Amino acid sequence: MSNMLLDVSHLSMRFGGLSAIADLSFTAYDREITALIGPNGAGKTTVFNCLTGFYKPSGGKLTLHRSGKTFALETMEDHRIARVAGVARTFQNIRLFAGMTLLENLIVAQHGELMRASMFSIAGLFGFSPYRRAEKAAVAKARDWLDKLGLIERADTVAGGLSYGDRRRLEIARAMCTDPALLCLDEPAAGLNPHESAALNDLLRAIRDEQKIGLLLIEHDMKVVMGISDRVVVLDHGHKIADGRPDEVRADPAVVRAYLGEPETGAP
Amino acid sequence: MSTEAAAAPDRVAPRGIAILPLLKESFLTAIVALVLAIPLVGFRIVESNGTTGLATRFWWVGFAAGAVFLGRFALGIWRGAMPPRAVGGASWLDPVARFGRRHARIVALIGLVAALAWPALPFATRGIVDLAISVLIYVMLGWGLNVVVGLAGLLDLGYVAFYAVGAYSFAILASDFGLTFWEALPVSGLLAALAGVLLGFPVLRLRGDYLAIVTLGFGEIIHILLLNWGSLTRGPNGIGDIPRPGLFGLVFERRAPPGFTTFHDFLGVPFSPSQRVVFLYYVVLALALMVNLFTLRLRRLPIGRAWEALREDEIACRALGINPTNVKLSAFGIGAMLGGFAGAFFATRQGFISPESFTFTESATILAIVVLGGMGSQMGVVLAAILLVLLPELGRQFAEFRMLIFGAAMVLIMVWRPQGLLAHRAPSLRLGAPPR
Amino acid sequence: MNYLLQQLVNGIALGAIYGLIAIGYTMVYGIIGMINFAHGEIYMIGAFVALIAFMALGISGITYIPLALLLVLVIAMVFTAAYGWAVERVAYRPLRGSFRLAPLISAIGMSIFLQNYVQLLQGARVKTLQPVVHGGIALASGTFDVQVSYLQLFIVALTVILMAAFTYVIAATPLGRAQRAVEQDAVMAALLGVDVDRTISLTFLIGASLAAVAGVMVLLYYGVIDFFIGFEAGIKAFTAAVLGGIGSLPGAMLGGLLIGLIEALWSGYASVEYKDVMVFVVLVLVLIFRPSGLFGRPEVEKV
């Protein structure tokens, strides 16, 4: 039984005179993969940016439910949304710490815990055991993820040296190391070959089933969308035009129109 | 199947040298140099008896053009003979750097022993020990700025401000409030740290270039304040008679002020000015070692990793729940504190400070040290500081040319080897064993 | 009231000088997104070349003032432009693909190098020039008695002419179009056949020659120069560029005027010692509260 995780209610976002998102409402659920699709320019990444605090919405509410608490994301700062509310994200053009190692990337994600344990570095400086324990735990969690991704041998190499597909998956693992309630992925399958896409699908399904969190996914690759989503929300020019199960949405004429345009009239 | 194709060459063949185009290129470069040289090299404004005159030295122009021609030609030959490489890629310095890294422990140990034994070495005169003190002050400053620029990636061009706050607060605390060196030192550091945090606030949202200019502005503001806020800083005359540190209450003077014993009396040996210099040397060495251990340790803590992550990608940091404000302020504050310690020591060593020592040139020099050494590298900073202090000692001409060479070196390093002379980033955490 | 008007006049003349230097900063920032830290030194070199040119002309017997002024302007502009071009080729072009801080550090190194270069070649003492342009007009009408020197008129007039000329160039010529294209999207411009390298070089040439004009003016106005003037004027001119909106030509000019007025009024009415502090404070305030300046467009970073 999945609970409501994210409630987007009448979200709107304007840039000067341009309305990027207008009156958008949808719900994403816990332990489900919700896909946000739509033609280019539909406003999908803008939704993400509003959700994760990089933009301040012009109107509407973004409510996150987690362990009985509610968070009004539209009022929170980006880093607080990540740390306190537990919304993690990956980026369209992969933002790894390219000069740092895989292990370090995953450890940085656990910054909050480690900072607390180090008591603003004082305990850390002297090597007190609460800090050492916390560091060990952080490394163990990182090692787990690297194992899951099959990247454990390269733990001490710089992230910039990974292949494109591996970089994508590492970014997802890094986001997961923040212990989120909601994981937002911005076009995770972009640039992946079919083999890598399949591996990505497995990873996302595993996250949904084992980590028991909700995933929100922007994607163009229909194999990924139809293959793993539990729910699909379709945007066009900032408006929602469909919302439902993948098979429902695929057949929806409004969706077909948005993607393929009006059928041509007149004899071919 | 061709077996030749299977053996892929792992070194690309050198480009080869095309003489004629190279000659033409060198000639054109020399012409440019000629044009540039004509006004400023060819003519010299001379002031004599209050009137201004013009002297010419055209043969210098010809000399400059010729030197540029030869230099460009030689560069072309060198490049042609070497295999092509990307900027910052493999170069002949790499094996040296690798050697240094592999044997980093031993190198550091040798360095430490040498540093500890320095005053006792046979060639160590008072002047040489004094020189070593200067090196160590710059090393401390370099390590401090390294936290801000090298680790956190915040280009601070006004670092001298914290150096000044440390020096002046120490001077005022020691002279007007009678605090001893050991009492005033931490307070100066804290005041400098406070200044660092205050400086950090306005620049939080600024990107690289703008951040640099604003910090530069702050450095200048501090300098102007030092000159003009006479009631606090005694203006251009500076503050003198700054007391020197003592060893457990023993003073390093010829004659003891009432209530104190002198060092040489205590030991029953005749007074020598070297005693104080050697003592100061060990004090600054101890300070520098503490700073080193402190920064190395911080790098392994979450705070240090957050600095480096911030340098890599601030937006990714935000998405991971890291508050960039706290990270930046901590970098500024801690970097400033270390600069303040260096300033306090500088004040006590000189016995006298004035605004002249705290100009932009100083900030630029410290930045040059960090850049040349390789941002983030501790040992690199030491090497660069040694070079900086030793260069003027090699001769009068070098003293005059010092900043010129430094400026040119900064440009060259960025173009040729942006990671600095020795730079290599060792991970702050390892899962496996370090590579052999 | 007199005093105020006098300070205003002084401020405008000073502002024109800052504006000319600021244009160099703003054009370079607009096209390659970096602060040309060495631009202040280019201006200083302009002043030195101008002084040398004046003296050389004096020695060779050319004393007809308008002719001498014209020749000095041309000579200063040509040689200074060469320096500006060379700096770009040596210190910035090789770093186009490098990491964020690299061009800035290189620029700082270049600035230090040029300062010391001039200091070593010409000596560290200040250099003076006997006043060339004399006299002025007194705007007197009853209680007002404001002196406006011919020099000040010349400075403002020349600045206006140059501004008009370059605005025309940017708006209506192929070079100007190329420049605007490269500013927007260098890769696309290159794909469309624009010679990006040449456009950037020309931008530096123009910026440097305007700085040279400023150098000539400051030499005439104050009669005293030294190797350090580039550093001081550089920060103020950069502040002017930021204030006006980095990337905007009219903004740079307006920013320059404002900074000149602020400096003149502050030193006239408050304290001369802290006039530079005032300008830095303005910089900090602008960057905190309105980083895009008066005419700039706010930048939204794409996430």
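For clarity, chains are labelled A, B and C in written order, and residue numbers in each chain start from 1.
FYI, contacts are C-beta pairs under 8 Å (C-beta built on N, C-alpha and C of every residue); 3 or more make two chains touch, one makes a residue touch a chain.
The model shown is predicted, which means the values in this text are computed figures rather than measured ones.
*Asks:* Of all chain pairs, which one counts the most C-beta contacts?
*Replies:* B-C
*Asks:* Which one chain sits nearest the middle, judging by mean Cα positions?
*Replies:* B
*Asks:* Using C-alpha centres only, name the chain that sits farthest from chain A.
*Replies:* If we average the C-alpha coordinates per chain, C ends up farthest from chain A.
*Asks:* What whole-Å value do you get for the distance between chain A and chain C if each is reduced to the mean of its CA atoms?
*Replies:* The computed centroid separation for chain A versus chain C comes out at 48 Å.
*Asks:* Centroid of chain B to centroid of chain C, CA atoms only: how many Å?
*Replies:* So the centroids are 31 Å from each other.
*Asks:* Centre to centre, by mean C-alpha position, how many angstrom separate chain A and chain B?
*Replies:* Distance between chain centres: 43 Å.
*Asks:* Scan chain A for residues touching two or more other chains and write them down.
*Replies:* Residues 54, 91 of chain A each touch two or more of the other chains.
*Asks:* Which parts of chain C, given as residue numbers and ranges, touch two or more other chains?
*Replies:* 303
*Asks:* Would you give the residues of chain B that are in contact with at least 2 other chains, written as numbers and ranges?
*Replies:* Residues 315 of chain B touch two or more partner chains.
*Asks:* Quick check: in the complex, which residue numbers of chain A touch chain B?
*Replies:* Residue positions touching the partner: 52-54, 78-80, 82-84, 88-89, 91, 95-101, 103-104, 107-109, 111-112, 114-115, 118, 120-121, 124-125, 139, 142-143, 146, 152, 155-156, 174-175, 178.
*Asks:* Would you pull the chain B residues touching chain C in the complex into a rising list?
*Replies:* These residues of chain B touch chain C: 32, 35-36, 38-41, 43-45, 47, 52-54, 87-88, 153, 155, 157, 202, 205-206, 208-210, 212-214, 216-218, 220-221, 224-225, 227-228, 315, 360-361, 364, 367-368, 371, 400-401, 403-404, 406-411, 414-415, 418.
*Asks:* What does chain C use to touch chain B in their complex?
*Replies:* Touch residues, chain C against chain B: 29, 34-35, 45, 48-49, 51-53, 55-56, 59, 75, 79, 82-83, 86, 90-91, 94-95, 97-106, 108-118, 120-123, 125, 127-129, 231, 235, 238, 242, 273-274, 276-277, 280, 283-284, 287-288, 291, 301, 303.
*Asks:* Would you mind writing out the residues of chain B in touch with chain A in their complex?
*Replies:* Contact set of chain B toward chain A: 294, 297-298, 301-303, 305-306, 308-309, 312-313, 315-324, 425, 427-432.
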